[in-house]
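What follows is a pair of complexes built around chain A, which joins chain B in one and chain C in the other.
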Partner chain A sequence: MDSDYRLTERPGLGMATIMARKGIQPAVIGAVLGFLPPDGPERAADARLALIGTGPGTWLALAETPEADWVTQLANKLNGLASVSDQSGSYVVLRIAGSGARETLQRGVFIDLHPAVFRSGSAATTVIEHIGVVLWQLDDVPTFEIATFRSFASNIRHWFELAAAS
Partner chain B sequence: MSRLSFGGLIDRAQPLNFTFDGMKHAGFAGDTLASALIANGVKLVGRSFKYHRPRGILTAGSEEPNALVTLRSGARAEPNTRATTVQLFEGLEAKSQNRWPTLSVDVMALNQVFAPILVAGFYYKTFMWPAKYWEKLYEPIIRRAAGLGQLSMEPDPDSYERAHGFCDLLVIGAGPSGLIAAVTAARAGLRVIIADGDWVLGGRLCSERHVINEAAAGKWVDDTVAELRATPNVTLLSRTQIFGAYDGCEYGALEQVSDHLGNIPPGKSRQRFWKIIAGRTILATGAIERPLVFGGNDKPGVMTASAAATYVNRFAAVPGRRAVVFTTTDSGWSAAEDLMSAGVQLAAVVDPRTDSQPPAAARLRQAGIEILSGAALTDVHGRTVRSVDVLLKDGSRRRISADLVLMSGGWNPSIGLGSNLGDRPVWSDLVHSFVLNTAPPGMKATGAAAGHFSLSGSLADGVRAAEETLRELGRTSAVAPAPLAGDEPSASSPPWYSRGHRSKAFVDFQNDVTDADVSLAAREGFVSIEHLKRYTTLGMATDQGKTSQLNGHAVLAAATGKSIAEAGTIMSRPPYLPVAIGALAGHHQNTAFRPERRTASHEWARERGATFVDAGLWKRAQWFAHPGERDWLQTVSREVSMTRSGVGICDVSTLGKIDVHGPDAGILLDRLYINMFSTLPVGRARYGVMLREDGFVMDDGTTARLGEDRFYVTTTTLNAAKIMQHIDYARQVLWPELDVQATSVTEQWSTYSVAGPLSRPLLQMLLPDLDLSNDSFAFMAAIELRWRNLPARLSRLSFSGELAYEISVPASHGEMLVRALFTAGDAFHAVPYGTEALGVMRIEKGHPAGNEINGQTTAADLAMGRMMSKKKDYIGRAMAERPALSDTNRPSLVGVRPLGGARLRAGAHLLPQGRDPLAANDQGYITSAAYSPSRGQWIGLALLQGGAARHGELVTVHDPVRGPDFAAEICDPVFVDPEGVRVRG
Partner chain C sequence: MRLPCPYCGQRDSREFVYRGDAAPTRPSSEEGMYDYVYLRDNVPGPMREHWYHAQGCRNWITVTRDTRTHRISAAVLAREDSR
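Here is the complex of A and B:
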């Protein structure tokens, strides 16, 4: 097995849940944000903000370099269009990159990560060893990121240690 | 030694040493344990389950019922391992089972003497009366006598891993039809997984002598396997057994990663458990040869013809010197030829068929072999085979000396996986066995598994199956025809058994079920195939009846005068072969048995000497013991007293937290809670209670309104996920017309309760710019603010009954906050307190928690009946109005304090004074109990019939398990500050 991958943590990201108000289409939100939010399990981004589709009309938003009040700003921008909840503390985001990243993740993730099926820009809400994760692919290195609830993070780190060992 | 000097798939340059029952032997790389034992002339390998009869090696595959051994020793000892599938390794250690004191002298073999009474249903018939002996006598006796092999009772030292596979096509079995199907599909570009339990691929082509494309079949196997390995869209899994078919085209598989290694390298796992999702599946599992039922057919030296051929052809191991072949199939004749070529003397070939004989018969006759057609083998003599009796065509009997009996009774397609999802196989007159009727979605059987027993037929069928799959998946590539192979005769007769036998004839070898047991069961009325199975235990051993099932059905059919088609067959459940529990558990062992959730203060709490307790998956600090403290009670009492007299801090982050946003958020909350929330002003919090649809209390918690359309709901720790689900159900299913959004923020906020009279000055040090006075931040105030430029939330809530606040920051900074609180708290002697002190203080305040909100209590039972709004509808309202739920005599919440210094314990029952401790006099029980440092005595909460009207009454506390009865007074459940002065202080 190819176990050549690097695992790094991504502290300091700004994160939020965006849920569209009733009857508001993604395009309307996109018009405000400047890019079209994905209408499915995918990732779309501009230089400052990434949106990951986690459900109908629901996105996980990630800001690379968040200002202190970025969630308030986002909520104000989307006032009347979407509900916004700060989740910056909720998740630990791990980056898995390298030729062995896919094979390693596949041991934990029971969705098909074959490049013909799950590619750069794909996203999924799934589980690794009974622990909920949001997973997305950034590029064809391949580089993946997973967001897992902070209280579960030690379990996920432990799983990576075991997956790497075997 | 019984090893040929030529041929076979063994490496004579690599000898391997092993021991069986302590005796040293040697084999070669490429051997199984069974083939190595045969090559070493070992015939007696085990003892049978019930009669402890000597047993040898019956088959050469995973269907083996007899040659079960304990492999390895110590913690790695694995009982009931099939010697026929164990790949030999240097230093292998195996022991026979189910014998005492030794394999050759087994005391329990005495059971055979009692065989006349040890018939089908023996236990049911014998261990019936008197009933009082069931548990004390019968069960221990039965348990001691039953079972095969013994567990080591030591922890499993090995590790197991998990893998997930996805493919367009899963091919189960790498014999001729599986290989050709896989390579055909792979060439057309499908993603293919092909799995086989063996470490050598090729299936029967390794065991039989065939020619493909005018060369030895082995070359075709090697070329095909090499092509598959070189194709990137193919995953080739050897040593991998697909053990179950599940819904959604999901398959379970077990890969034996290191089982063939003497020593598992550190860090390497023993087995890998695969879950595979397959678009399509080709079942190419081949067929299993049926034994024949005759007297002594279980004795060492009797084996299936195909097994004998396998040992000779694949392992160059010769199982005997002089053989009698008893066959009702053409393949049995081919096996006879194989043995003859290996130098085994053929004493006779016995075939009950008179109508047709394959071409091999003429060749054998020409070689001077005696052929007895229209005859049948009836009995075997000797402890291991020494001679056999044959009932000749003319009715006379003849004894023939031999040390090996080959039997061939036909072939059963190996279709167990095909009936995993509930499809019952059907009888085929064409192949004289059961075949798949309707396969699970996406599955098709091919080759011998579909009844195509000749090599050319099975190759052609493999190509056909692949072609069909390609067509179904919309691929139109041209497909190469099947390679050229011989069309050897493969006829067989219907299942057949000899009635002329004089000794015990076995149907199920592993569970010791004889033809007489089956007939007896039929006479006793167990004529359904499913009843027969359970009554006689036919097919219920670890081999799941792979060699026995059909013969049992044939005997039953004969006994009941039905055809086998009418008698029918059973279905097979996963696993197809035994799977170690460890492989299913994977990494989830010991503390990793389930995930663990840690709060942001975990590391800080550990440094402070916290003892942790499980709350669901959460680890919560239970208390923080100081050196020199006598016990937990002293610790907890200190934490309570210091909080009530000064200030205490507790991590309450595990409470469920849900953002409910949107213009209709208030309306939704009004419908979820018994009390009003749409009227709650911004900046305020309110306690609320939710009912289940049936009117009983589901959960409680406080909800704060942080904006016109933004509510912040909290739930109890254990109900966090359930309430989130409940809210989603309400807004998505019940009232989709409402414009309301909800998302869990449990993980977002790290929340600390700061409680006690000094909580205000302490918090003021962290929040110097905030006016915390009663006027500007009253009881139940709730605001958003910033702390150290972080978003934060502050509310004035109290579970303890003291002046108290809850402060939250993002969990990423929760550790920073708790350290800051205690830095500021030094001046106030702030004390950390855990869940135990939290519980004591809530009992002192009479707040119901999980013990009282137990699914059987109404809001009125918990003294919250007045919260139930009459102005609106809400979930559970109608059902809560049922007479039984509003009966004033229902058990309701009261306080209990013992007279004197007695210790109250939760679970103790409450009786009217002077009444006998009978269930009829039981009026309630203590739900929560604690030592109250504030009151200097044990106190409790209880649910007592008509409790609200009984304050001041004396009752008897009855706890038959933990102590004598004592008297206690029923009182108001609020023991501390009943007027609620402190919370508003």
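Here is the complex of A and C:
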């Protein structure tokens, strides 16, 4: 099989969870942020912030070049609309890119990654090797990224080594 | 078995925690608490039951499943489940 892919860590990202308050629709949060948060397991972004849908009214927010107080700024903007909590130290984001990325990842997840159903902009919260991951596809290279708990990152890396070798 | 999570889509049952029959409602007093906690019907056929999508969107869902065939006829977020 084609196992050509590159696995890299994406250090320095800012990460936070956003949980909408009861009855607050994504459009209301979108009006504050300047773009519509996905109302399903998808990714939406502007130049500064990406939002990954992880559940109804919940998102994982990623900032490419975070300022020191970006979470406080975000929380202030969404005051009364959503709870924002900093996750920058809790997750590691790994990027898997290349022609073999899809096939390798498919060995680890229970969901169908076929491009007909999982494409650029798609996201999923699921497990790889019993470890919780948030997974999304960035482009048609294909490039995927996964966010996983920092303390499990080495286990996930080990799994990728085994999956690529088999 | 795969369960149709209303948010995540079709997912393997291993991502979920099974709670059981969705019918019993918590009594407001100690009276009836034993029945609520311990006495369950063993329904042969379609049954509304609660599943928690622990390794996905972390939401409770109400699934209507035929216990004899595992055929699933409905799945909704428990918070939106009218009863």
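Everything below uses one rule, namely that the second predicted complex is superposed on the first by the 166 of 166 C-alpha atoms of A that agree within 3 Å, B and C clash if a C-alpha of one lies under 4 Å from a C-alpha of the other, contacts with A are read in each partner's own complex, and residues count from 1 in each chain.
One rule holds in what follows: contacts are C-beta pairs under 8 Å (C-beta built on N, C-alpha and C of every residue); 3 or more make two chains touch, one makes a residue touch a chain.
Since we're looking at a predicted model, the values are computed, not measured.
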Which superposed partner A:Q106 touches (first chain B, second chain C, both, neither): first
Touching partner for A:L74 - first (chain B), second (chain C), both, neither: neither
Which superposed partner A:A63 touches (first chain B, second chain C, both, neither): neither
Dominant toucher of chain A (residue count), chain B or chain C: B
Which of chain B and chain C A:E129 touches, first, second, both or neither: first
Which of chain B and chain C A:R150 touches, first, second, both or neither: first
Chain B versus chain C as contact partner of A:G40, first or second or both or neither: second
Partner chain in contact with A:P11 - chain B first, chain C second, else both or neither: first
Chain B and chain C footprints on chain A, overlapping residues: 58, 110, 112
Residue numbers on chain A that touch chain B, as the complex places them: 11, 17, 19-23, 58, 68-69, 71, 82-91, 106-110, 112, 114, 117, 129-131, 149-152, 154-155, 158-159, 162-163, 165-166
Residues of chain C touching chain A in the complex: 7-12, 14-15, 55-59, 77
Parts of chain A lying in touch with chain C, wherever the complex brings them together: 40-41, 54-56, 58, 110-112, 124-127, 132
For the chain B and chain A complex, residues of the former touching the latter: 159, 161-164, 166, 191, 267-269, 275, 277, 586-588, 592, 594-600, 618, 659, 661-663, 709-710, 738-739, 741-743, 745, 747-750, 786, 789-791, 809-814
